[in-house]
Amino acid sequence: MPQDLAFWLPVVIAVPLMAAVLAFLLPRAAFPISLGAALITSGLVCWAALAAVNAGPATHTVGGWSAPLGIDLVLDGLSGLLLVLTAIIGLAITVYAHGYFQPGDDLVKQHQYNFFWPLWMFLWASLNALFLSADVFNLYVTLELLGFSAVALTALAGKPTVLKAAMRYLMVSLSGSLFYLMGVVFLYAQFGTLDIRLLSAASAETPTLLASAALITTGLIMKSALFPLHFWLPPAHANAAAPVSALLSALVVKGSLYIVLRLWLEVFYPLADTVAPQVLSVLGVGAVLWGSLQAMQQPRLKLLIAYSTVAQLGYMFLLMPILLKNRDDSTALAATMSFVFAHAVAKAAAFLSAGSILHALKDDRLTALSGLMKKMPVTTAAFAMAGISLIALPPSAGFLAKYQMLQSALTNGYWGLVFVVIGGGLLAAVYIMRVLGPAFKKVEPYGAESTSKAVHVPLVMSIPTLALALLAIVISFMGVYLLELLAVGTPWVLKGGL
Amino acid sequence: MPDFYDDDARLTRPRIVALALSAALVALLSLIILTAPGDLERLNLVARERLTESGVANPVTAVLLNFRGYDTLLEVAVLLLAVIGIWSMARYARVWIKVPDTPVLAAFVRLVLPLMVLVSGYLLWLGADAPGGAFQGGAVLGGMGILWIAAAVWLPDFQFQRFARVMLVLGLIAFVGASTLLLALEGSFMEYPAGEAKNWILVIESAAMISIGMTLMMLFVGGIPRLNEGTV
Amino acid sequence: MNDSAALYAVAGVILFGMGIYALVAYPHLLRKILGMNVMGIGVFAVFVALAYRGPDQPPDPVPHALVITGIVVAVCATGLGLTLATRLKALTGVAQLTPDQED
Amino acid sequence: MTWENSLPLLIVLTSLVPGVVIFFLKESTVGVRTTLNMFGAVAKLVLIAVMINGLLNETTYETRLPFLPGIDFVLRADTLSILFCILSAVLWLVTTIYAIGYLEHSPNRSRFFGFFSLCVSSTMGIALAGNLMTFLIFYELLTICTYPLVVHKGDEKALRGGRTYLIYTLVGGGALLLAVIWMYAIAGPIEFRDGGAIDAIVEGARGPLTVIYFLFIAAFGVKSAIVPLHGWLPRAMVAPAPVSALLHAVAVVKAGAFGIVRVTYDLFGIDVANDLGVLTPLMIATSLTIIVGSVLAIFQDDIKKRLAYSTVSQVSYIALGVALFGPLGSIGGIMHLVHQGVMKITLFFGAGSFDETLGVTKISQMDGIGRRMPLTMAAFTVGALGMIGVPPTAGFITKWFLGTGAIEANSHWVIGVLILSSLLNAGYFLPILYRAWFKPQKGDWPSEHDFGGRFETFWMLLLPPVVTGVFSILLGLFANLPVGLLYWVRLIVLREYEL
């Protein structure tokens, strides 16, 4: 068996893809198939990441046709980190969903259970394909795969609200993709190639590059729900089934975010001195403030978490000016990617706990959550740990990330961002405490209906939730390893991630 | 959907703003696209230079199935995903038909169907050398299915969906299976052995064509076909 | 850019803009979906225009192949969108994105 | 990892692991829980004893793990950290016994003791933190773990108190975060060092360093309740008595004070701090706090509230000692870190026992309580006299050193502050003692609880205050033992002043 890292890159895509096909073909075996694929993919991805740390980045030439004619798959630190993130969260959600969608005798639930697996495996495959692709048009196709599976998964819950949300999501996703594609067309018009590394080598500040950057960035921040284009996100993320919400918030929005980062680092860097990165940063500030303020007013837990996603997405754009100013210095990128990692883990844990709460109480209004600590201690603890990471209190993944962000902002003299990051943490504390404060309320023996009839949360749900929540804490002591992985060959042109 | 016609087209203030913004965008993009270099060779030359290595004579097919075959693999995945997505949303798709008043349509369809199968096969074969290929052939197949349903010659029922599932996944299985096999054989995903590309492409294309045809038909049905069982 | 190609490219950009307008301005989902189709066609038109190499040369095959891919994706998107719209219409009675009520 | 390298981590883990395990125990498994707690506490004390012995032989105990590039996670034992460790460990042991008695039959005990242990772990981490990052991690962890304890009763009032507590401490935490990051940005990856760590960069960064110092003081000022940042403390009194005891004597308030000591001596260095001119403002702020806290205490009828304001005032002695630039003042301040802990915990134990046994929560209800609960009241009296600074209690030693320190530092007005504060202390403590011992009982006790047995109250409620009361006297009587507290604190101060 070849030990060559590059050899295995397409397998990471093919395994979940084949699992999707088989899960569709054989609905009765869908879960074992998906679980098997999840285990194989996760194992392979983690091995690949370790191998990349030791042996450097890897390139797989699909079809034997190297760029510019063919399409290459490239594994470097940036893509490796996101692949690992997807693997961790993917595995947890695979297990959780088996419990959450457990159909019993209900035909509608059976239908949801059957279709969740192929759609989820498609989504995983498309994420892996997206992170590995080195071709701007191929990225478009992966974006569409990602968008379609995400929309279908959102709609799976079936209620009118969620269908509306899914429709809105579909339209944003599609028009975002078309903006992106138009940008790709402009790139091809100017540089005559679709390969990111060749584009990078040829890139120069021309009107076409500017137009392309504007189109692509607009399209992608629509998909990533950066303020003020976030309007579609809260209803979709809040109304979808909990495992789906977790996927959407933790992973799907990161797909388009990844492309923004990748393309700005590799292709649009001649525009670093224009106002564009500053604009993204300012929008990020807007997202942090607006999202947090909205989260403080939501009546339902899942809506609150969804608005928290809006806020947290803002942080991922805050450092854009610093990140592009000096591409050699990777501290801003490290901070941003640490944040992406931290947010994904914590947000997945938060949504999964919300799912467990909804599952047990049939109600996720905040008013129904008093005394939760007593009723569902494990789930509350998981949510609390996720919340600590979202607030970015140490020791947590969120703290690790925000610390790096602050350091980056401060050493580069962006004092405004320093206050936004610290203030944003305090705002997050306010909305997280809206949940955790009442959770400690004493439960009256014969009191409130909703909390007195909690049902048992099955272990298949509570274990993955708790595992992710614990991870959100433990990652704070794994920072060096994450950064070691990230340092592998990003950006490609400068650090030779060829 | 009669309410479709109820949309009034009056220019309200938000619409004027939207119109102005779209127009501005159009103007800007038009100006900029005109600055793009006209004489740039882009990938044109490279693609044509290496056409002989691709195993087919039609450059578009060479790009689609060989040079950038991976794009096409993902695209076949998109097709399957679309059907799965639609089926997941619409548990019961009552196939909507209005039985035509005259027998002429049905008779015509019966007549034309075998011809369409033939045409799709021809298009597939043609793809190697001239415009044509799996998508074109698949489109004809899909059209055939749609005609079939529209003329009420035959309607898909619940039993049909089992058959449909197999047909739907055929293309992707062939594509991924062949690519993975080639990975094991040649060391690179979807790398055809020298000189044998054409055969591999033909096999993959045939499977893909069937799946594309079935996909288009299922897109038309708009849900899991379940005759006389519940409503949409 | 070559003159006749430029004509198609600008036409494509105009279609793109028209699609955006329709998507934003009209509440009915069918119009929105059609708007997105028009947007897509605009993008494809620009792309195909790029492939034109003048009267003496055969066109660049790469954009052609990519546009085929793009069209297939657009068809799938339309299918998904229409199904969603139909479901919404069946459940709520209107094929529009009315504001949410708590349900 | 060698034994020396893992010891500091083990000290943290001896309470962290039992804490985590306790969360998963059923309410009814009292035996297992108590065993775990006791085992952890004793193991911790043994480990600390080993470390003291090693430190006297110049052994280095340091756990170092990579955290971020350039910044490690460092736990290191030095003379100052050991002082705080031993205080926390001993008082944890006593408080655990007290808490078991206090909370008998009340709900959510697993949760309570779990967080209780985590609190102590955080305090240990704060004590042993070898650099700012590690300090910050444990400092915030302490905030998180104390919240559930503050709101333990779970009623509206407790939740409100908890909310206030969180708002204050999280904002303070934000200030600390800013200070830490700014410091790292200016000074690079520095670690705590005897005598200060930033000598090299002082010139050229005086402005920012001054601002950073005040940020640190503001951040620590929240937890150590320096006026006007003390607002949370009285409101957090809704917590059960053992929690208040721990909060005031060991964990939260003391962590803030310890932070001031640590940052002034081992980060800035006392000479640099003096050079920057930041000590005088600190001296003024702490003096003000001492007076204001005492004045406010006089007006409280609620026993725990009066004790709370007394804490506001007393904890500032520590920072005052630091601010007095001179070895004697420093000795006074650092010693008070221990003295205040032992004396204040005695007072809170007493207050808790009065409440639990007789339902007495107000000073006006205390008439004649000395006859009903003589041992508890005796301990309470020792604590109160200590606070006033009556010899031979521990409090007298503190005030003696602070006073001589003030003379040494030529800040004679501080002596005035000390005298005034002692008078005020007497003003709010002596009436309590008078009522308790000399006034006859007024009618029935609000809600008397019969624990049976031979003692005036449940033995687990009685033993802890008696023990800490005895400690308060012993610390005063035997301050000058060969390896006693004074010896140790002198060792610290000699190193800090590089004498």
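A, B, C and D are the chain letters, set down in written order, and residue numbers restart from 1 in every chain.
Convention: a residue touches a chain if its C-beta (ideal position, glycine included) is under 8 Å from a C-beta of that chain, and two chains touch if they have at least 3 such contacts.
These numbers were taken from a predicted model, which means no experiment stands behind them.
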Central chain of the complex, centres being mean CA coordinates: A
Geometric centre distance via CA averages, chain D-chain A, whole Å: 43
Centre-to-centre distance between chain D and chain C (centres being mean Cα positions), rounded to whole Å: 68
Whole-Å separation of chain centres (CA-atom averages), chain A against chain C: 27
Centre distance in Å when chain B and chain D are each reduced to the mean of their C-alpha atoms: 72
Junction residues of chain C, two or more chains touched: 1, 16, 20, 46, 50, 62, 66, 69, 73, 76-77, 80, 84, 87
Set of chain A residues in contact with two or more other chains: 137, 141, 144, 148, 151-152, 155, 163, 182, 188-189, 194
Chain contact graph, described as a line, ring, star, complete graph or other shape: other
Every chain pair in contact, whichever chains are involved: A-B, A-C, A-D, B-C
Residue ranges of chain C in contact with chain B within the complex: 1-2, 5-6, 9-10, 13-14, 16-18, 20-21, 24-28, 30-31, 46, 50-51, 53, 57-62, 64-66, 68-69, 72-73, 75-77, 79-80, 82-84, 86-87, 89-90, 94-95
Chain A-facing residues of chain B, complex: 28-29, 31-33, 35-37, 40-43, 46-47, 50, 66-71, 74-75, 77-78, 80-82, 84-85, 87-89, 91, 165-166, 168-169, 172-173, 176, 179-180, 183, 186-192
Residues of chain A that touch chain C when the two form their complex: 137, 140-141, 144, 148, 151-152, 155, 159-161, 163-164, 166-168, 170-171, 174-175, 178, 181-182, 185, 188-189, 194, 235
Footprint of chain C on chain B - complex, ascending: 1, 3-4, 6-7, 14-15, 18-19, 22-23, 25-26, 29-30, 33-38, 42-44, 47-48, 59-60, 62-64, 68, 71-72, 75, 78-79, 81-82, 85-86, 89-90, 135, 212, 215-216, 219, 222-223, 231-232
Chain C residues within the chain A interface of the complex: 1, 16, 19-20, 23, 29, 32, 36, 39-40, 42-43, 46-47, 50, 62-63, 66, 69-70, 73, 76-77, 80-81, 84-85, 87-88, 91-92, 97-98, 100, 103
